[in-house]
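Chain lettering (A, B, C, D, E, F and G) follows the sequence in which the chains are written, and residue indices restart at 1 in each chain.
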Amino acid sequence: MSFPAPPAMMGYDRSTSMFSPDGRLFQVEYAMEAAKRGWTMVGVRTAEGVVIVAEKRKTSPLIDIGQLEKVYMVDEHIGAGFVGFGSDGRVLIDYARLLAVQYKFVYGEPIPVEYLTRQVCDLMQVYTQHGGVRPFGVTLMIAGVDEAGPKLYVAEPSGQYISYKAHGLGQGGSQAVEVLQKEYRDDMSLEEAILLGMKAVTTVMEGKPSTETLEVGVVEAKTRKFRKLSKEELQKFLEKLGA
Amino acid sequence: MSFPAPPAMMGYDRSTSMFSPDGRLFQVEYAMEAAKRGWTMVGVRTAEGVVIVAEKRKTSPLIDIGQLEKVYMVDEHIGAGFVGFGSDGRVLIDYARLLAVQYKFVYGEPIPVEYLTRQVCDLMQVYTQHGGVRPFGVTLMIAGVDEAGPKLYVAEPSGQYISYKAHGLGQGGSQAVEVLQKEYRDDMSLEEAILLGMKAVTTVMEGKPSTETLEVGVVEAKTRKFRKLSKEELQKFLEKLGA
Amino acid sequence: MSFPAPPAMMGYDRSTSMFSPDGRLFQVEYAMEAAKRGWTMVGVRTAEGVVIVAEKRKTSPLIDIGQLEKVYMVDEHIGAGFVGFGSDGRVLIDYARLLAVQYKFVYGEPIPVEYLTRQVCDLMQVYTQHGGVRPFGVTLMIAGVDEAGPKLYVAEPSGQYISYKAHGLGQGGSQAVEVLQKEYRDDMSLEEAILLGMKAVTTVMEGKPSTETLEVGVVEAKTRKFRKLSKEELQKFLEKLGA
Amino acid sequence: MSFPAPPAMMGYDRSTSMFSPDGRLFQVEYAMEAAKRGWTMVGVRTAEGVVIVAEKRKTSPLIDIGQLEKVYMVDEHIGAGFVGFGSDGRVLIDYARLLAVQYKFVYGEPIPVEYLTRQVCDLMQVYTQHGGVRPFGVTLMIAGVDEAGPKLYVAEPSGQYISYKAHGLGQGGSQAVEVLQKEYRDDMSLEEAILLGMKAVTTVMEGKPSTETLEVGVVEAKTRKFRKLSKEELQKFLEKLGA
Amino acid sequence: MSFPAPPAMMGYDRSTSMFSPDGRLFQVEYAMEAAKRGWTMVGVRTAEGVVIVAEKRKTSPLIDIGQLEKVYMVDEHIGAGFVGFGSDGRVLIDYARLLAVQYKFVYGEPIPVEYLTRQVCDLMQVYTQHGGVRPFGVTLMIAGVDEAGPKLYVAEPSGQYISYKAHGLGQGGSQAVEVLQKEYRDDMSLEEAILLGMKAVTTVMEGKPSTETLEVGVVEAKTRKFRKLSKEELQKFLEKLGA
Amino acid sequence: MSFPAPPAMMGYDRSTSMFSPDGRLFQVEYAMEAAKRGWTMVGVRTAEGVVIVAEKRKTSPLIDIGQLEKVYMVDEHIGAGFVGFGSDGRVLIDYARLLAVQYKFVYGEPIPVEYLTRQVCDLMQVYTQHGGVRPFGVTLMIAGVDEAGPKLYVAEPSGQYISYKAHGLGQGGSQAVEVLQKEYRDDMSLEEAILLGMKAVTTVMEGKPSTETLEVGVVEAKTRKFRKLSKEELQKFLEKLGA
Amino acid sequence: MSFPAPPAMMGYDRSTSMFSPDGRLFQVEYAMEAAKRGWTMVGVRTAEGVVIVAEKRKTSPLIDIGQLEKVYMVDEHIGAGFVGFGSDGRVLIDYARLLAVQYKFVYGEPIPVEYLTRQVCDLMQVYTQHGGVRPFGVTLMIAGVDEAGPKLYVAEPSGQYISYKAHGLGQGGSQAVEVLQKEYRDDMSLEEAILLGMKAVTTVMEGKPSTETLEVGVVEAKTRKFRKLSKEELQKFLEKLGA
């Protein structure tokens, strides 16, 4: 070999606990690739609450899509979704649920959304710094309402999280973000937020949007309760979108 | 070597706890190959219950095929089968049985089917993220009936599970799925489900179908009891199939 | 190197806890090679009992062949033999004995043959899935009689076990199986089973069969007791075989 | 390969716990590269207190930049910031907070700034000397006031820390240091220090400085309290800077 | 490299816990090479007792050959010797002594010779199956008398042991075995056994046999006591041998 | 590759716990390289006490050089300095302090200087013999006075320590040693020792010597107390040196 | 590479816990190289006692050679020296001291010399058989007097020890052995033994022998006490030697 190989070919990308000469962590960047291959997911935050809209795909005609969950309740006041490696995501959702239950048990009140997010991210960070493991191959979206109002966090495989007003993830993520940037307003009502989220997802999704291929989770600021929209509600919103 | 080797040749596929540059986990994908080499297995879910139909092969004339089990009772209300690496599958079935017993002991009631599936999948996920081990080389099919009705889950080496109305696994899996897609109806009776499952398997299996080379496990919605069909029952169904 | 090397040359076969791209575990397959190099061993099961016949070789004139054991008592009702790596086999036999003693101590009754086999196989499976160890380099033959009647199991390095009516292992194993397939009948008497087993072994063994180079263990269905044939009994059977 | 490859290509840089022939630790040096890629941060210390000024960037229009923290309260009398790998930095900040709380609990008084810095650095050092982990990919800036007066420490991935009168980190760090060297005076008032820090950052930052893209944390010598400047205060300082 | 390298060159021989494609354990085979390089040692068993005869070499004129032990007392009724890696052998001899003491303490009677041998071999087996260690580089010869009469076991690095009437080890081992095969009789007296053992060793040893370069350990069947022959006894036997 | 590569290129230098064919430990030798890159430090021992003189450099105009410590108090009667990897040295100094405190607590009297040195060196040795860690990248200079009089030890990364009358370390170390060899006398007064140490350092240091760029620690034999010279004292000595 | 590389180049020498194809442990052999590089050391044993004579070198004019110890007291009746890697040797000497103290505490009498030697060697053996560590890079010389009279043991990195009447180690070791072989007599007085040991060392040492460059430890048979010769005694012996 008569000239240096490109950095990614010299072994720096084959161990989690190693920096490349330019200070990058390849395994963490590769884990983000896993996340980018997920189905599209969008989150929208307004003063009235937070919304997560997720695309679902019927990969097989006999799949029981009604049982296929893309948006999860973490605690009464928090919902979450993820894109990427399915079982990794489930493990993190379960970890988040455990954290929420423990917090309520110890402090007698609901876990603050950011505190929960940080705890989950601390676990994710550990998997980027120690040998013998790989990073989690998912990007999480955590939506909730607490004393400090509605929150929308996006947590990456590196363990870093960022607070967004609205954001898109997965295969159609960047396109969805364009829709959001054009139409997001700080003073939107919760209904407008739901409609915007659904529009961003349906614009980029592969098949025809329907009550079966969309899942919407909402946490209202007033009630501080997470719930998923029913098929009927979804249908109404779809009609309003003219989809 | 004057040009980059294909990713699968650069070592990313030689460690479980490592992502390839495009965010894939090769060892998990290879484990799925092990699963694909198993004998055909089909599951069918209807409102009246769930069925697992498994092909058995007499690899040697003196093998005691009567003792060869492909469908296992996990708990009174849950049965399961697997395709792939035999001893890996047995270990997971035993783990599932232990989970079911513990649950009943602690909560005094039968373990929910999805909860059991998730616990087994969590173990499988751990074996995809930590070094020094390999993923389980099997795909599981878990069939049961609980408060929420009949369930049919398929759990992959990655630790991901999906709910199906009907599905096929193993060497003849994809062909079997074609049969299922053509003939599955949501309103089938349990008997029709058994017949469909047997048809899907017998269509693709190598040798002549017989009461010796087929195993059928059923969980009826009414009784919530898992049982295997007797040779006599099998014979009757074979005759109905005209096989 | 201008073209991809064959899979077995790319390192997949140098770690236990790793799948090859086509879902194989090379180290487990190599361990089976170790087993194939052992001296011939045959098992025959009938309604009246189970028999293990083993070849012994006098590798040195001063070896104390009388002390050379190829068939072991595991418990009063169970015997076993193995082909392959000698000390690995001894460790597993000792483990099986320990399991049998513990079972009797805890439950007050003899350990079921399949339960014992499964426990031993679970240990073998662990050595195929975790790093830092190698699989056991032996194939075990376990013969016993319990409540469910006579049993003959063959357990492979993978940790998988299969129930046989009759089977052959080791260097002359496949030839012995041919003999067995031709002459095995379900309704054989125990004496006929012993004669068949001895015929299968003596047909393929290297030197002249004698009371010194053959070892035969028997578990009778009636008594549920394992015992080895005496030199006198062996002599009589040899005469009947015309050997 | 007919001549020695450059040291960085021979594997010395692929393990934390290894010296290169000339006594360097490449992984630690690479970790400093990660730190150099962060956004600009400046610290200024005077007799009247210490200031940390941090640049914030709106990487996406819908990012909730108000929630994006670059300067953190560690204890009542200590603030800190970092450049580099986000989640690594958060973990260290949390570790520092824990140390501060424990110290106050055990000794009943605020933790000395250098003692806290040294404890954090000891953790960082461990990650440079032991295998199976990587160094922390951040450079920390710790500002505080204790019995010994105002303090400004900069802690590197190696675990080494240095006391500065004023310093700059991140992408614009070296340019910012030039500004500081020209204008720093030992007798500056706290207000002058804030203005100098802001000038150093705004001179080198990419976008237009605003109350949204700047964060300023101050620990006053008199009160020994850390606080962040409000938007109004920031606005006034920006006006004074003529920015 | 244009054609496959021989198996021993592909890395299978560089880890204990790994099989080669043909089911061999190279590290164990290499350990046997270490054993073959030892000085000659011979064991002879008769109805009247067991003998171990060992060659000693004066590698340096000032070596204190009187202190150089090649035959060790393990317990009152058991002696042992080894060829190969000196400190490995010593560790195993000490382990054997410990086992003997513990057995006597727990059961109040002398440890059976085969039981002791098996326990030592189990330790040796562990060092062939687990990573991070190497096999013991010695072959042991264990001689003793218990309830079951005189015993002579040879234990190899693999952890396998074989019962012999007479055997030879080390550099002159195979030649010594030829002598033994020609002259060994089952009805030898103990004295004849000693003479035969000494003849087998002196025939193959390098220098002139003397009371200084030979060590003989004997366990008499009658007394069940291990003892070493005195210089005077050795001298008499040497004279009888005409050496 | 047609001829053997030089030893340092064959991997012996890439693991701490490995000897090269000629019995060297490359990682330890490389660690000494790290130490050689430090700033100059000199120690001088006389009957009246021990002195450590250290060079300090103002690597940046805004560095708070007054806080930059190169000579540390370990206990009341012991001081120490080091050259090499800063955070490694700090960890060892802290370890030495802990040892001193523990000793005083347990034995009620000051820790002997050599005992302390040996304990620190034992820790350093461990890091040269075990895998998964690297040696400490520093050479320590430990100066103290105990019952046995003034002591000056130099401890290397290998864990070896040597007692010196006077010695020099770091970039200017070998030149400083030349100065010491020419002018050292056993009957020097403490003041002469200080002057000699300062001369040796100032002769080789880069910038102009000043009270800011020199640090001097002294342990007087009479008082057995470590203290650092004040700026005023330093100034006087500098004047005497004519620097 | 067109032909097999020499064994030492194929990686067998890069791991402690691995045999080469011809049954050698390269790392242990390399550790012996480290020992061969030490300064010359000689031991002589007579009926009247044991002597260790060690060369010391003044590697630097300001080294405090009076503090440089080459012969150590282990217990009142045992002395020891070593050649090779300094800090490794110190660790073993300290371990030996600990063993001696513990023995006296538990049994109330002085530790037998061989027992102590064996314990130290057991530790050394462990470091040759387990991964993640390297062998100790020293050869020890242990001299003592106990119930069984004067003893002189030499312990190698492998953990093997040999009893000698007289022996030489280090750079001049083999030459010194020649001197010893010519002049050693079993009936030497202790004084003659001291003179012989000193002659063997001074004949081969680099510089001029003096009371400063020689260290002599003696254990007298009568008193069973270890002591070092004083400068005056050394001077007298040097004069007798005519050196």
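The rule we apply is simple: a contact is a pair of C-beta atoms (placed from the backbone, for glycine too) under 8 Å apart; a residue touches a chain by one contact, two chains touch by 3 or more.
Fair warning: this is a prediction, and the values are worked out from it, not measured in the lab.
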Chain labels contacting chain A and also chain F: D
Homomeric contact chain A-chain B: same or different residue positions, threshold half: different
Magnitude of the superposing rotation for chain A and chain G (Cα, nearest 5°): 155
Cα-centroid distance, chain C relative to chain F, in whole angstrom: 68
Rounded Å distance, chain D centre to chain F centre (Cα mean): 30
Gap in Å, rounded to a whole number, between the CA centres of chain F and chain E: 54
Junction residues of chain D, two or more chains touched: 1, 15-16, 131-132
Topology of the chain contact graph, where touching chains are joined (line, ring, star, complete, other): ring
Cyclic chain order when read starting with chain F and heading to chain G: F, G, E, C, B, A, D
Touch list for chain F against partner chain D, complex: 1, 8-9, 11, 13-16, 26-27, 30-37, 60-64, 67-68, 84-88, 90-91, 94, 127, 131-137
Residues of chain C that touch chain B when the two form their complex: 1, 4, 10-12, 15-25, 45, 118, 121-122, 124-125, 128-132, 152, 158-160, 162-167, 177, 180-181, 184
